[in-house]
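Below: the structure, in structure tokens.
Letters A, B and C name the chains as they come in the text, with residue numbers starting at 1 for each one.
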Amino acid sequence: MEHIIHNETNNKAAPNRVPSPPVIQPVFEVKQVSFAYDGKQLALENIDMVVQAGECLAILGANGCGKSTLLKLLDGLYFPISGSVTAFGQPLTEAALRNDEANFAFRRRVGLVFQDTDVQLFSPSVLDEVAFAPLQLGIPREEVTRRVESALEMLRIEKLRDRAPHRLSGGEKRRVALASVLTLNPDVWLLDEPTTGLDPRSQSWLVEFILQQRQVGKTVITATHDLVIAEQVATKIVVFNEDHRIEAAGQPQEILKNHDLLHRCNLSHYHNEVNAVHVDPVLAK
Amino acid sequence: MIELFTFKINKWLVAYYAALLVWLGTTAMHIPDGYLSPLTSLVMFLLVLPFWMIGVRKIRETMNARSVPLIALLAAFSFVIMMFNIPLPGGTSGHAIGATLAAIVLGPEVAVIAVSIALIIQAFFFGDGGILAIGANCFNMAVVVPYVGYAVYQAFSKGTPINSPRRLTGAALGGWLGVSTGAFLAGIEFGIQPLLFKAADGSPLYAPFPLSVSVPAMLIPHMLVASVVEGLLTALVVAYLQRSNSNILEGAAIPAQALRLRGLWVALAVLIVASPFGLLAPGTAWGEWSTGQLSAMGLQAIPTGMRQLSGLWGAPLSGYNLPVLGNTNLGYVISAVTGIVIVGLVVWLFTLLLTVRPGAQNQEHQR
Amino acid sequence: MDKSINPGHSHRSSHVLEHTLHGISETLERALFAEEISAKPGLFQSLDARVKILTVLAFLLAVSFSKNLEIIAAIYLLALALALASSIPAGFFVKRVWLALPFFTGLIILPALFVTPGPVLLQVLPGLAITRTGAISSLFLLLRVSTSISLSLLLILTTPWNTVLSGLTVLRVPDVFILILGMTYRYIYLLLHTANDMFLSRKSRVVGWLDAGEDRRMLAAISGTLLAKSINMSSEVYLSMQSRGFRGSVVTLKPFKMQPRDWAWLAVFIGLAILAVVLGR
């Protein structure tokens, strides 16, 4: 939030200084990034991408194309073997994150929700889970308690407060996973396959949640192979092919109409779902 | 009344014990609260403490924050493995501890922590094994098994390629010897109870059987069943990992086993030193016991059948009830020390015999 | 494939499978039962976890130190009374301990009745007599074991395990260790369910007769898969912790505050335990 306000003041201030163009700092700048696990097989190859504040980006790709890896690079969990990632104008490197203060500042602004909720939810109870991030990041205890309460309320999981994660349903786990990042109030959401294991009702609820975050000016980056959710929430789409490269990028309308492209990237069989499922015009707006 | 124990009942007792032994061997050696005196429990905690400290230091040095989830998941794995019922040739089945496997994958120092956590959770949340007995259970199962098992495995696998069948032999023997040693120590812990802690009238206050019964009762069935299960499971899983996940085995292939073996020797030395401490500390119990002279009597009153049964083990230790010594206390110390020295020698011989072999043909694999 | 299973056709190998499956589901059920009871109203449920941990430890020590059978029996009765005051069904509380006891401690202690040297109490058969010391010693062991188990049951059944964890701080257990304990407990369930699924899918595919060797290979494959899963999962979990600011040290919420009532009960219980130790000397 802070960051967005900062950008707005920049916008207003810029026209006064006539020669220099308005400085709108992108949230992420990814330049020529390649990544490989164990130095062997490439998981990402020559990725170039810019994410602007307030954008709602969908990264589309079949399973194993490298989109999860990209989210982990954006979250400063992995670092590229070549190329560079810049976050909020600062280089995102292992060395930069080694500093506690810089690390905490970055982690407060960017929240990643993992695809596997069993990975995301490692605490003994929902309450511990939801409080984990703000506590670790040095937010005072009273403030943490306040945030936990409002997150539980917002996601309508107050009743689950003392439950153990293994007692939750798939949809409940997903809500708790979102709550565990919501307490950070991040500027940027990174969502990895957020619809995994959700029934249709929970899916439409999730779309609502993402649109809500978009409305308050958050940047949302969603990695998914689900064309329905991409159509419903994205303001921009990047498509990965199975060679771990970016195949195309552009407006949702043109990308989702391009059947050849989707077929090439092994996404076409999901396309039928787009036609089959009636998209709620209110939600999709 | 000592004469009451005639030969007639010996057969009955032998049959009873034979059945009991088979049954005991299939259960894990989780000592419940009530079998050990508070003093023994305390001594066992003191024995485990340095190993916990070594483990935590090792974790801090090598893995940092990354090790928190790793230990948690491996402790969970260890817990789940303890529930698997593994069939043996011949129709019996038993439970493994998985501590040898943990040591092979993590190294013994870290395996101590993972298995200890599994045992602590069993005690605190599932009521398996006593809470006060956590020290003893952790020592027998989470310290002794990983260190002994790992020493044997290392002796076999040193310098061999990851997929070498010698690693399987090492894993099997390591698991077998590790659990056998742990069971032997549990037998000693039980056996010293009636020597040390008796009520005024001579009734044992905790585990009632003397060393001559408790040690073979723990050792023999474990050697036949639980240790075999541990060895079998360890070898089978190592074989599985060799085929499908060999990178997991590479992790602990880092050398420095000299240090690890030293840890084992330290453990044995501490045990030898601590045994007399366990004897001398309880002032009042000690006094009651010596005035009554009941213990000496008790040791002589063990039925002949029992003595025959324990002959397997008892023979080399028969010194403790030799009238020549006249002092059961001294006899106990001697027998305990002898037992520990014997186990130590066996382990040492094992490693000595096996470390001589790895030859030049394997050296390329050591990088 | 499913049609070829003959449910009535049981053989040794499936016995091993069933045994393990049964063990897993029993563990899950036990935990569920404890959760249900800890959610009910009751004396122990209303107390701070730290009070309960200290109380149970104090009584465990008193039981362990006591050289007096009556004192141990009194502590057992106290545990029973506390169970009743804490919505634990008395039948369950008694049966859980005393039905299981003969199979372990009972079997072990039985010969001690006869072989422990001492004056004869009861001549059972010619040449087989229960000695006084044997009887007393057996009573000591049985009472001590049953009372200790009852005391830990009291804690386990009335306290959600995550509050037991936060209560452990009172024993000076470091926060990182508590974090690891909590994560272990959480992932035990995940691995239990995974193992359960693997066993079940295996079971559904077993058509004919499996020998013990195949059983063992199956168990090894399941164990190996679980081990690999545990290790892979741990690195993913680490990323997820890192992503939320974990750097090796832990900050906890510590939501509990000892109320005057907690202090009062703690004083009562510790007082009783000390009294038991003194009287039991």
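In this text, a residue touches a chain if its C-beta (ideal position, glycine included) is under 8 Å from a C-beta of that chain, and two chains touch if they have at least 3 such contacts.
On a predicted model such as this, the values are computed, not experimentally measured, just so you know.
Taking the CA centroid of chain A as reference, the farthest chain centroid is that of B.
The count of contacting C-beta pairs peaks for the chain pair B-C. Relative to the centroid of all protein Cα atoms, the closest per-chain Cα centroid is that of C. Note on chain placement: the centre of chain A and the centre of chain C lie 42 Å apart, centres being C-alpha means. Chain C has its Cα centroid 22 Å from the Cα centroid of chain B.
Averaged Cα coordinates give chain A a centre that lies 51 Å from the centre of chain B. Of all residues in chain C, those that touch two or more other chains are 161, 183, 185-187, 190, 233, 237, 241-242, 246-247. Looking at chain A, one finds that residues 122 touch two or more other chains. Chain B has residues 69, 72 in contact with two or more other chains. Interface residues of chain B facing chain C in the complex, by the touch rule stated above, are 1-2, 4-6, 8-9, 12-13, 16-17, 20, 23-24, 27, 32-35, 37-38, 41, 64-66, 68-77, 79-81, 83-89, 91, 93, 98, 101, 105, 117-118, 120-121, 123-127, 130-132, 194, 199-209, 213, 232-233, 236-237, 239-241, 244-245, 248, 294, 297-298, 301-303, 306. Listed in rising order, the residues of chain A touching chain C in the complex are 72, 75, 77, 100, 103-104, 107-108, 111-112, 114, 116, 118-125, 127-128, 131-133, 135-138, 141, 144-145, 162, 164-167, 180-181, 184. For chain C in complex with chain B, the touching residues are 12-13, 16, 19-20, 23-24, 27, 30-31, 56-57, 60-61, 63-65, 67, 104-105, 107-112, 114-120, 125-129, 131-134, 136-138, 140-141, 143-149, 152-153, 155-156, 161, 164, 176, 179-181, 183-188, 190-192, 195, 212, 215-217, 219-224, 226-228, 230-231, 233-235, 237-238, 241-242, 246-248. By the touch rule above, chain C contacts chain A in their complex via residues 35, 160-162, 165, 182-183, 185-187, 189-190, 193, 233, 236-237, 239-247, 250-255.
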